[in-house]
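Per-chain residue numbering starts at 1, and chain names A, B, C and D are given in the order in which the chains are listed.
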Amino acid sequence: MTRTSRAVVLEEFGKPLQLRRYDVPTPQEMAALVRVEYAGVCGTDLHLQSGHLPIPVPVGLGHEAVGRVDTLGPGLTHDVLGNELAPGDWVSWLNNIACGRCRFCLVEQQPTLCTGSRRIYGINQSADQWPHLSGGWADYIYLQPGTVLVKLPEAATPQQVIALGCAGPTAVHGVLNEVRVRSGDTVVVQGSGPVGLAAAMYAQLSGAKKVIIVGGPATRLELAKRLGVGHVHIDVFQVADADERTEIVHGETDGAGADVVVECAGVPSAVAEAIDYARPDGAIAVIGQYTDHGPTPINPHLITRKNLNISGSWGFGARHYLGYIASLPQLVANFDIGQMVSEYALEEANSALADVKSGAVVKAVLRVGDE
Amino acid sequence: MTRTSRAVVLEEFGKPLQLRRYDVPTPQEMAALVRVEYAGVCGTDLHLQSGHLPIPVPVGLGHEAVGRVDTLGPGLTHDVLGNELAPGDWVSWLNNIACGRCRFCLVEQQPTLCTGSRRIYGINQSADQWPHLSGGWADYIYLQPGTVLVKLPEAATPQQVIALGCAGPTAVHGVLNEVRVRSGDTVVVQGSGPVGLAAAMYAQLSGAKKVIIVGGPATRLELAKRLGVGHVHIDVFQVADADERTEIVHGETDGAGADVVVECAGVPSAVAEAIDYARPDGAIAVIGQYTDHGPTPINPHLITRKNLNISGSWGFGARHYLGYIASLPQLVANFDIGQMVSEYALEEANSALADVKSGAVVKAVLRVGDE
Amino acid sequence: MTRTSRAVVLEEFGKPLQLRRYDVPTPQEMAALVRVEYAGVCGTDLHLQSGHLPIPVPVGLGHEAVGRVDTLGPGLTHDVLGNELAPGDWVSWLNNIACGRCRFCLVEQQPTLCTGSRRIYGINQSADQWPHLSGGWADYIYLQPGTVLVKLPEAATPQQVIALGCAGPTAVHGVLNEVRVRSGDTVVVQGSGPVGLAAAMYAQLSGAKKVIIVGGPATRLELAKRLGVGHVHIDVFQVADADERTEIVHGETDGAGADVVVECAGVPSAVAEAIDYARPDGAIAVIGQYTDHGPTPINPHLITRKNLNISGSWGFGARHYLGYIASLPQLVANFDIGQMVSEYALEEANSALADVKSGAVVKAVLRVGDE
Amino acid sequence: MTRTSRAVVLEEFGKPLQLRRYDVPTPQEMAALVRVEYAGVCGTDLHLQSGHLPIPVPVGLGHEAVGRVDTLGPGLTHDVLGNELAPGDWVSWLNNIACGRCRFCLVEQQPTLCTGSRRIYGINQSADQWPHLSGGWADYIYLQPGTVLVKLPEAATPQQVIALGCAGPTAVHGVLNEVRVRSGDTVVVQGSGPVGLAAAMYAQLSGAKKVIIVGGPATRLELAKRLGVGHVHIDVFQVADADERTEIVHGETDGAGADVVVECAGVPSAVAEAIDYARPDGAIAVIGQYTDHGPTPINPHLITRKNLNISGSWGFGARHYLGYIASLPQLVANFDIGQMVSEYALEEANSALADVKSGAVVKAVLRVGDE
């Protein structure tokens, strides 16, 4: 008897998402079928829905998820780290498959900049084409050969893994690979959404002496404090003036400015502010400017005068995703990240999106399975 | 009989420079008296004269010069590289003495960011105070103990050394220390003044396959071509549209963008343009934004999207100055940099400044001595 | 009618190679059949023949080659850099296919350290298994899907490309990726075989002021001089005492020691000598120790005392191979590398191996085709 | 009335130290007189006494100490970080004054490699020459102009500061500046003396997931466990076979080898063992090979094969010393380093040296003052 799976599908830009039902395919060679248990809702999903990004519709959404192996295709016996796989195992996977053949994959070894045909689950795979189930907001997802599939460590619960589903690897890329946080550094993190909180956690795990979070609204900063994330919290709604915020940052750093600033706010003006926060010879990671809002006023004199180093960081690839998975035991031993999550049923996907848009929740997660 | 020395002094901001005469002092312990032969005129001198920088007046100008040792103070027997010194030796010197005691001198080891009492010849030493002769636009200059004094290599003529007096070490800092040019790279240099030409030379010496100079006016680009500096020359007066320039740069790089962009133009908008020129994962050195012209529109999305690395580079210190001096044999073997120079008599300092301001010359040099 | 191809096969360790004949297969999807024109003979082939390396026999040898496209399998239309491919095009290819799935491929992004099932043409593909033609010492080679295949640039002749077939990408890895040669540096290269000469060339292209080659025998150093490779040449047969060589190196560097030392000699004691050559705070690339000869006496105190940086460099991957191909126009514009080559017919493979063993030639190349 | 000060003086190599008495000098311009409270005994002192190092005798020993300002010379009003100084303030100081003028001070910015006349308190200042009191094993020490003098942070007690007097800055240099420990790394530290323990602490503060200490004797490892330093402890006296130790390390790292190895053992063979411990593409810091014991067998093939990065690290300079001082609040919040110390009276200097030699204590400290 053929099994079927629900899937939340974006059929038309700007319209509510629809629940569809597809037959569950049998995995071909080196592919896998996974029973989704938890799937994250991300700021990017808002941009997808609104039509700001050039994707095909209809598309089954869901680019961050965890689940249990249902069926392994012929030949697929181990995850990418060499762990044996069996039905029932908890797994997660990198949401994109870089082409592995273009200049950026081969020569620059920066697959996040892949210019070939990069497949992204929940984003650019048409729901109308086989295997249909290519998004995580569904009962089942079909993982193509070449997917970076990894068994979850026992130290972390699936809820914890999904809490930083996209944010964790994004922060690994920016904070552990693009800039260097040294033991004893003072770090400013701009933004208190999932990426900002993850960046602050990695800065603390890297030995930062003081982490200053500049974000909001108050509920998010309260959560940060409860989690032990950040030592100083500046609420941009309470301290609405950028100069005043800069003054506070300088006051917290003995007048010197921050050793490292990690921009995770997404607001263009945050980059100008980061330049003000940084100390001479300091480093800035720009990891939050995913969306093109056009130019913003920035003073280039300060880049020269302060001898700054500014590093952009785009998305994440296998090394960052596996870095995130590897860091989970340390992360959850230090921060109770499950508290970030607000759960919704699969049928509530539209509400979940609305709550992410309004900032009512920090991290919306669809609770798909029964566990 | 007491000797006297002429000195060109800025007495009042915005007013013509005056020729004064001072007694020539006898050097104290570890100090040196140098007979100036050539002294450069630099864009910074324009800013000093106009009063844009917070300096004391009256000040004897001239922060780049070469000359011959007149008298060595007791204890001063060798230059900083261990070469013996004697009267008559051709020498040059770093124009600033960092404090050696502040956080940036000691902990960060970035003395160009020195926050202590950094003395700068020809810029912040009052002409009214002993030893009066603290600028290079004079017959004699008094070099304090602690000055980074270095004997000139025989391979280069003094005229060649002064041709890139400030520009050479500035480019060493930006091109050799802040970014990395690899053999085979394509490099864009913005600006065709002395710093731009020096940056292009160091990029070529570092193995750049193609150097694209974006500058002007035409006379400067003609000089660059004559010197063999740059492989492609884009005249900003002829190609006045930034988008068109970007298109040319991309065309010259197989559509990829430049591996490295070195901003030496000083115009704020050049930084936004550098971001457009760079390839994904490329590097940008911002070494020309010395003056604060305030904010300019820059699109921060591109920093994230292109995973760029942007490095500011402020001035130069001993390591860069000595790096410049060490590079002279290679520089002059490849580029006839003496051609950059237009000579003026010491009395013609005001004309020289005017010609620098109008762009009529690439590098104005005061011919002080008789050799 | 079925075509057949000759292939030089190692059937038994320590025995002469045999000429076999196989049917020429038709390429499957994404595969390619290439008509070999030139194939290099490498020191590694000696180790393969003698049985020092754990490979399956029989194996068709030849892990560096260039040729012309004979037939493209379905779907294969472009090389990895996006150039269109057609029968008759001159091409070359990376000799190994990393698994793309192990920790070193995915997380560390060091595919040369791949611990998965890495296929190497001419080394670990059994000649008894289809497609049989998996080595370059043959009329035809069958390139599997996933091979890093690249069209040759017109600026270099195929003879020039093969001259540094393995040596070029090995040197790119060591000299351009593991250490940094700065404009003005003094570099010692140990070894004057193909890898040593290639390392010296890249050091010169990177702006090294002085390159000192420590090698031999005299014929190789003479060739180096003819090619303009190296500025100082020390013959280890004439200067047989290591201390004396060290003294010469220090004499050539004003007593300071070399900024960078690149070990390409393969003799274990060369590493101890490299440590003596290097200046304090200098860098050493160890790229020639391919074979395990066991321990050699090295003084670890000098590593601490001189604050050295020592970088090992193992083989080459796609980024280094494509880096080599990209550098060819610059390489051949500066060095007439075709002069390194001594040609042999395919039937003379055993003689070629013998001449490589005796050091009678610098670079033996099998001239397979007719062009 | 003239005050006098006791000083422990090494008069003759290989002989017991003598207690002398000198007049206490008045500090000249920019100098300082400090009342010593605690002075550390270091392995180097053993080498000094035995005559293994080329120093002048008689010399007042003591190159690591803390104390309180007694008298400030004219002009000395602030420490190097800009804190105001007054008599009675707790201070410490870098034990060496680099020349600031040689190639390594100026060009390479590696003052620990200073080749000029570097003055070292307690090591190369003759006790027979004024001001006589140039070592820390004395009631008073005279600090020359140019000494890197720093006020102690209130968060740490003077006993804690002296516990890692030399070891702390040595580890800062090696662990924070020469290699990079990333959050999540597994780190092996060889040696469990003060340098080894300090290295392990900085690795943990930098986010190392697992720190494996290979050292001994058992008492030192017990102390490490009590302090929470290291997660796995291998006793070289119990596990006397190097291969067995390597097997344990690989077992603790899932067979991969360590990401970073920090050699702090001083035994030459430790470097060969470090190479065995390291994972492919791993990093090794060689910071313990202070003494020249001559060559040891090392297999250079592994450097190439494993693509290793090996960094030597010599002593410490201002940036490392101030880095240590800055890290004290974090250090003592995590590790009760005062437990490392065994106190002796100034008159017991010979016993203290003997106990350091026998390994009976981890860190011997002379309790000079009354506090």
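What we mean here is this: contacts are C-beta pairs under 8 Å (C-beta built on N, C-alpha and C of every residue); 3 or more make two chains touch, one makes a residue touch a chain.
Just so you know, these numbers come straight off a predicted model, no measurement behind them.
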Ranking A-C and C-D by C-beta pairs in contact puts on top C-D
Across the interface between the identical copies chain B and chain C, with over half of residue numbers shared counting as same and under half as different, the residues used are same
Expressed in whole Å, how far the mean CA point of chain C lies from that of chain D is 45
Whole-angstrom distance, CA centroid of chain A to CA centroid of chain C, is 41
Among chain D residues, those touching two or more other chains are 103, 108, 323
Contact graph of the chains (line, ring, star, complete, other): complete
In their shared complex, chain D is touched by residues of chain C numbered 103-104, 108, 110, 112-113, 256, 268, 270-272, 280-281, 286-314
Residue set of chain B touching chain C in the complex reads 176, 180, 182-184, 202, 205-207, 209, 323, 326-327, 329-330
Interface with chain B, chain D side, in the complex: residues 80-82, 100-103, 106-109, 148, 318-319, 322-323
